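The two complexes that follow have chain A in common; it is paired with chain B in the first and with chain C in the second.
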Partner chain A sequence: MKASNKFQVYIPWMILVAIVIFLPVIISSSYMISIMAFVALYGVLAIGMGILMGQAGLFSLVQPTWFGFGAYIAGILAARGLVPPGIGIIVSAVFVALIAYIIGAPILRLRGLYLACATFGILIIAQISFVQLGELTGGHSGLLGIPPLTIGGFVFKSDLHYYFLSWALCICCLMFCSNVINSRVGRAIRASHDSETASSSLGVNIPKYRLQIFILTSVMASLAGSVFCFYLRFAAPSIFGFHLLVELMLMAVIGGVGNVWGPLLGSFIITWLQEILRAYLGHFFPVMTGEVTAVFFGVFIILVLIYMPRGLVGWVEQIFRLGRRIYEHIKSSVAQ
Partner chain B sequence: MTPFAEIIQYIISGITSGSIYAMVGVCWSIIFLVTGIMNFTTGEFVMLGGMLTWVFLGAGIGLAPAVILAIAATVAIGIIVERLALRPVRYPSEMTNMVITIAAASIIKGIILITCGSETRVIQALIPVKQISILGAIITTQTILVIGVLAVMAIGLSLFFNRTLFGKALRATAINPKGASLVGIRINILIVFCFGLAGGLGAIAGIVIAPITFTGYNIGLMTGMKGLVAAIVGGWNMTGTVLAGLGLGLIEGLFGGFISPGWKDAIALLVMILFLIYRTISFSDGVNKV
Partner chain C sequence: MNTSKVPLHNSKHHNIGLGRNSSLLDVDRVSKRFGGIQALNDVTFSIEQGSIISMIGPNGAGKSTFINVVTGIYAPDIGQVCFQGQDITRLPAHAIAYLGIGRTFQLEELFPSLTVLENAMVGCHTRSRCGMFSSGLRLPSAKTEEQRIREEAMENLTMIGLEHKASDSISSLPLGERKLVGIARALGIQPKFLMLDEPAGGLAAHEIEKLVKVIDILVNKGLTLFIVEHNMPFVMSVSQRVIVLDGGQKIVEGTPHEVKANERVIKAYLGEEV
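Presenting the complex of A and B:
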């Protein structure tokens, strides 16, 4: 790879980091900062979903559950004062990785739709257990009394602190994922998505790589969930249910799953869209819950899949390609 | 109530809900066999049946017209889902179809929430209520109606699929769509018909169960999932699905009665997951179908 190309690879990252750092300077509203923090956290989830759906071809619907596990385990450990919050995040990530290994090892051998059914089943079972294990999780009314996050004496208390924490997590995950995709594991995963028979006949250990990707995305979701619960200082079973799944699907689909950046863009669009819908449609509808916004999101999913099957990023790429072709066409006709 | 009568009572309630799962499972398998689509709006059809009947009853028309209108409306909604959401996709994959049906399910659910509210709704009994005592357990006429409807539906469908030309065409399409279209079967019409049929049967299931378990905007997800469990465990065929649905209802009824009603819903899904894993293990040496 040429030196200039190598430099070009870093440009999007530098732009993203610059935006993240300078955004709080430009906007001082703590409401916007807190929404941007949620963009980062949902972005981590959506990136994981995008890798599973787009790169690995695994239709795993269990992502909200890992998010929930991360939130509940870290939250319970911190609320009971069992371990300091900072260590609680790591404990919950390790625990989620372990569960993902135990569940993933048998389940990832299922094909396409059956994998989706099984993971959807796990999603609902997890939600039922969050409600049923009431003495541990607080049941329907949710987990209360979570202390703020403290790492090495530093207390995260303002929106701005969590904003930087979430974006640091998000950028690390994004970077890690884009490196993984371009690594040996990523190539193996993509090959197995294209043709399972061909890649396994070439000696790719498909179940192993699938399991690795599955655990990676589950740990990412768990970390996001832990930060989420310390930020909200609250966790309830209904947060980690069906409508979060619909939102995540929409984020992945609208951004496009062919690229790691797509789901992050999707998360940005959807999180803001949800806020706008809540603010303006609240006047028209008596009940304004996630289930009502899910109507609009459902319509969006269908429209995007019909008219923009490769998502926004795919669409932008297409426009760029078209532009380049027109540019080269003009250049060659001028040269003649 | 004696312990024996208690068991009988749980078995009766299990069979009642099992009949519903069987009907919903049949709706899943009709669409899956012909189109290969896992239609996650199936559960919402059940919800629509009950809720629309409640809406039409509230409009002041009698019971029979309300039921007929609700079934007709659900059939129409099933066809609309196929026409507006699934048909226009240019290169459909399994996953695209599934995401679309999940999105359609959340649209239907949200619209009912907005228009009908989030309260649990009750519709009146469809036939005069009478209680019959069997071995100390009580069975109402409504329960008998549910089981009867399942029986009629199963017999009617098997006659339809085995005796009529149209039903045979459907089976042919399920076995080999390309071959079926080569011999002159118009698959597009069959697909629309399947969605309509699934909508209608789902609505009937929703209407007959509504007087017993009540209905609400959010019953679709769990009912639909349990129907899916019945369809998967039953191997997507009619007899298997009906038996699996009844079995699932029995397990759930006994588990909910004796162990824990709160975890009852998790059992069905656990059964499905374990079954799917069992299938992959037992077939992994030869065919890898699941």
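Presenting the complex of A and C:
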């Protein structure tokens, strides 16, 4: 029983790794490979969002900002040739962790919507700063001249290279988060979401763990941002704003925040839906594709919230549980 | 009572106290006011190591507030709370848990998004130390610690007789079992002093029987217990001393017998029947 349980835990991971490895064999279109790379990068952001909202109960809306910091810092350092691109990724992650610590320490004392308001303010401020620091960031026209990522002499240049890099990052983040959530720290965080009084009476230092999880998700977003900027060889303020935030929320909610896998599934669905809508809606609504897409997503999220309030993964879990109960019922009645 | 059985796991602190006539908890002239309500008014008493104290009083007498003050949820306006001779009046709740004061809640306050076992495992938080990195990377130290916590939590569940429901969700348990899970969770910190807030509240007779058995086990372990309760037969049967609170003030303190006979108590709380 125990051995098979241990083995079962690895099955989803093996399936995910197998899909990632064999997908490029099946599909050769570099467009699809590139979209799948974005699925992984947005997935990293959405996983962080899911943990903050679902497990820790923190409505932090600054995920796109950390993504932007990761992209800009790594991009600027590489474009100016200050440090090798590989080191730049680490430098930006450390810097983002530091900023997240400085911002998070006071701001995480806010609750619920107040936290959402404050973090939303930071999102807007950061986006304005990206525009206004024109000499450094290239302002509205964006950051240009980013060289391709080079690690130890290997140059990442094709879509496939970035596809594998993005998915490696995504799987590492997913694994790390899944381990954390099922550990002492994760239990403390989930417990303090349920009852602050009870968890602190058991010795949980709530501000400490909230800050830790806030920094963890910011570093993940920063790493994804750095890979993103080397892939696009470009970064612009408009990427890291409200629009991305809404997309991330959609991913997290549609996939389901109760499970770390949910937001990744959400990222897959939303990213592809967007591509499909962009490709086909143009035929029917040539003038206002964007507006129709927004309406479509609005209706989509309402339907999901009504019929699967715990997201797709939560819904699947529910079906599995129901199936198991029926199976056990049949088994026991047969035994009788 | 054999007090030497009390586990002294916080070696940092155990040599500080225990001096003053073996009293474990000293409450000195504690007052707490919420707006216009004087929830606690000049409450003073001390609790000896290994004893079982109950606190009774009508609704709104300040019993739960008292537990919240001792466990650091509220800071008192005036007064001092000492645990093993150490002033804990202004310590945050989580630091007080590390000193070995455990508690349960009137409304259970369990963690519904965690399983029964996970609830008990959160209880072991103070006696484990793995941080985010070691648990995120599943280092060997994190794995062994996780295994140890799991076993200890399981032992605590076995003690309350719910080991077969370890992987169930909290919402599937009846009230009596939820109250017991609250106790198992609090036992995770290996408390020297355990405060139970209405453990028998709303329980059926057979559930109370189970509860009394669990309390017997705790007493045999040498644990010092503080029980807030409305159920009179229960209070009178388990406690060695009873403190009566009314309007935030301590009106009587004595053995169950003395308290039963006291006129002020009868007037304040018990009615004319007893």
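By definition in this document, the second predicted complex is superposed on the first by the 318 of 336 C-alpha atoms of A that agree within 3 Å, B and C clash if a C-alpha of one lies under 4 Å from a C-alpha of the other, contacts with A are read in each partner's own complex, and residues count from 1 in each chain.
Basically, a contact is a pair of C-beta atoms (placed from the backbone, for glycine too) under 8 Å apart; a residue touches a chain by one contact, two chains touch by 3 or more.
In this text, all values refer to a predicted model and were calculated from it rather than measured experimentally.
Q: Specify the outcome, clash or fit, for chain B and chain C once both structures are aligned onto chain A.
A: These partners fit in the superposed model.
Q: Taking the superposition as given, does A:V180 touch the first partner, chain B, the second, chain C, both, or neither?
A: second
Q: Touch test for A:R310: chain B only (first), chain C only (second), both, or neither?
A: A:R310 contacts neither chain B nor chain C.
Q: Between chain B and chain C, which makes contact with more of the residues in chain A?
A: Looking at chain A, the partner in contact with more of its residues is B.
Q: After superposition on the shared chain, which partner residues are touched by A:A198: those of chain B (first), chain C (second), both, or neither?
A: After superposing on A, A:A198 lies in contact with chain C but is clear of chain B.
Q: Based on the superposed arrangement, let me know which partner A:Q212 touches: chain B (first), chain C (second), both, or neither?
A: Second partner only.
Q: Scan A:V292 for contacts with chain B and chain C and give back first, second, both or neither.
A: first
Q: Could you tell me if A:R190 is touching chain B, chain C, both of them or neither one (first, second, both, neither)?
A: After superposition on chain A, A:R190 lies in contact with chain C alone.
Q: I want to verify one number: the closest Cα approach of chain B to chain C after the superposition, in Å.
A: So the smallest C-alpha to C-alpha spacing between these two chains is 8 Å.
Q: On chain A, which stretch or stretches are contacted by chain B in one complex as well as by chain C in the other?
A: None.
Q: Would you mind writing out the residues of chain C in touch with chain A in their complex?
A: 71-73, 92-94, 96-98, 102-103, 105, 109-114, 118-119, 121-123, 125-126, 128, 130-132, 135-138, 142, 145-146, 149, 185-186, 188-189
Q: Please name which positions on chain A make contact with chain C in the complex.
A: Spelled out, the residues of chain A in touch with chain C are 176-177, 179-180, 183-188, 190-191, 193-195, 197-206, 212-213, 216, 258.
Q: Under the touch definition given earlier, write down the residues of chain A that touch chain B in their complex.
A: Per the stated touch rule, the residues are 53, 59, 106-107, 109-114, 116-118, 120-122, 124-125, 128-129, 131-132, 242-243, 245-246, 249-250, 253, 285, 287, 289, 291-295, 297-299, 301-302, 305-306, 309.
Q: Please name which positions on chain B make contact with chain A in the complex.
A: Interface residues on the chain B side: 38, 84-85, 88-91, 94-96, 98-100, 102-107, 109-111, 113-114, 117-118, 221-222, 225, 228, 232, 260, 262-263, 265-266, 269-270, 272-273, 276-277, 280-281, 284, 288-290.
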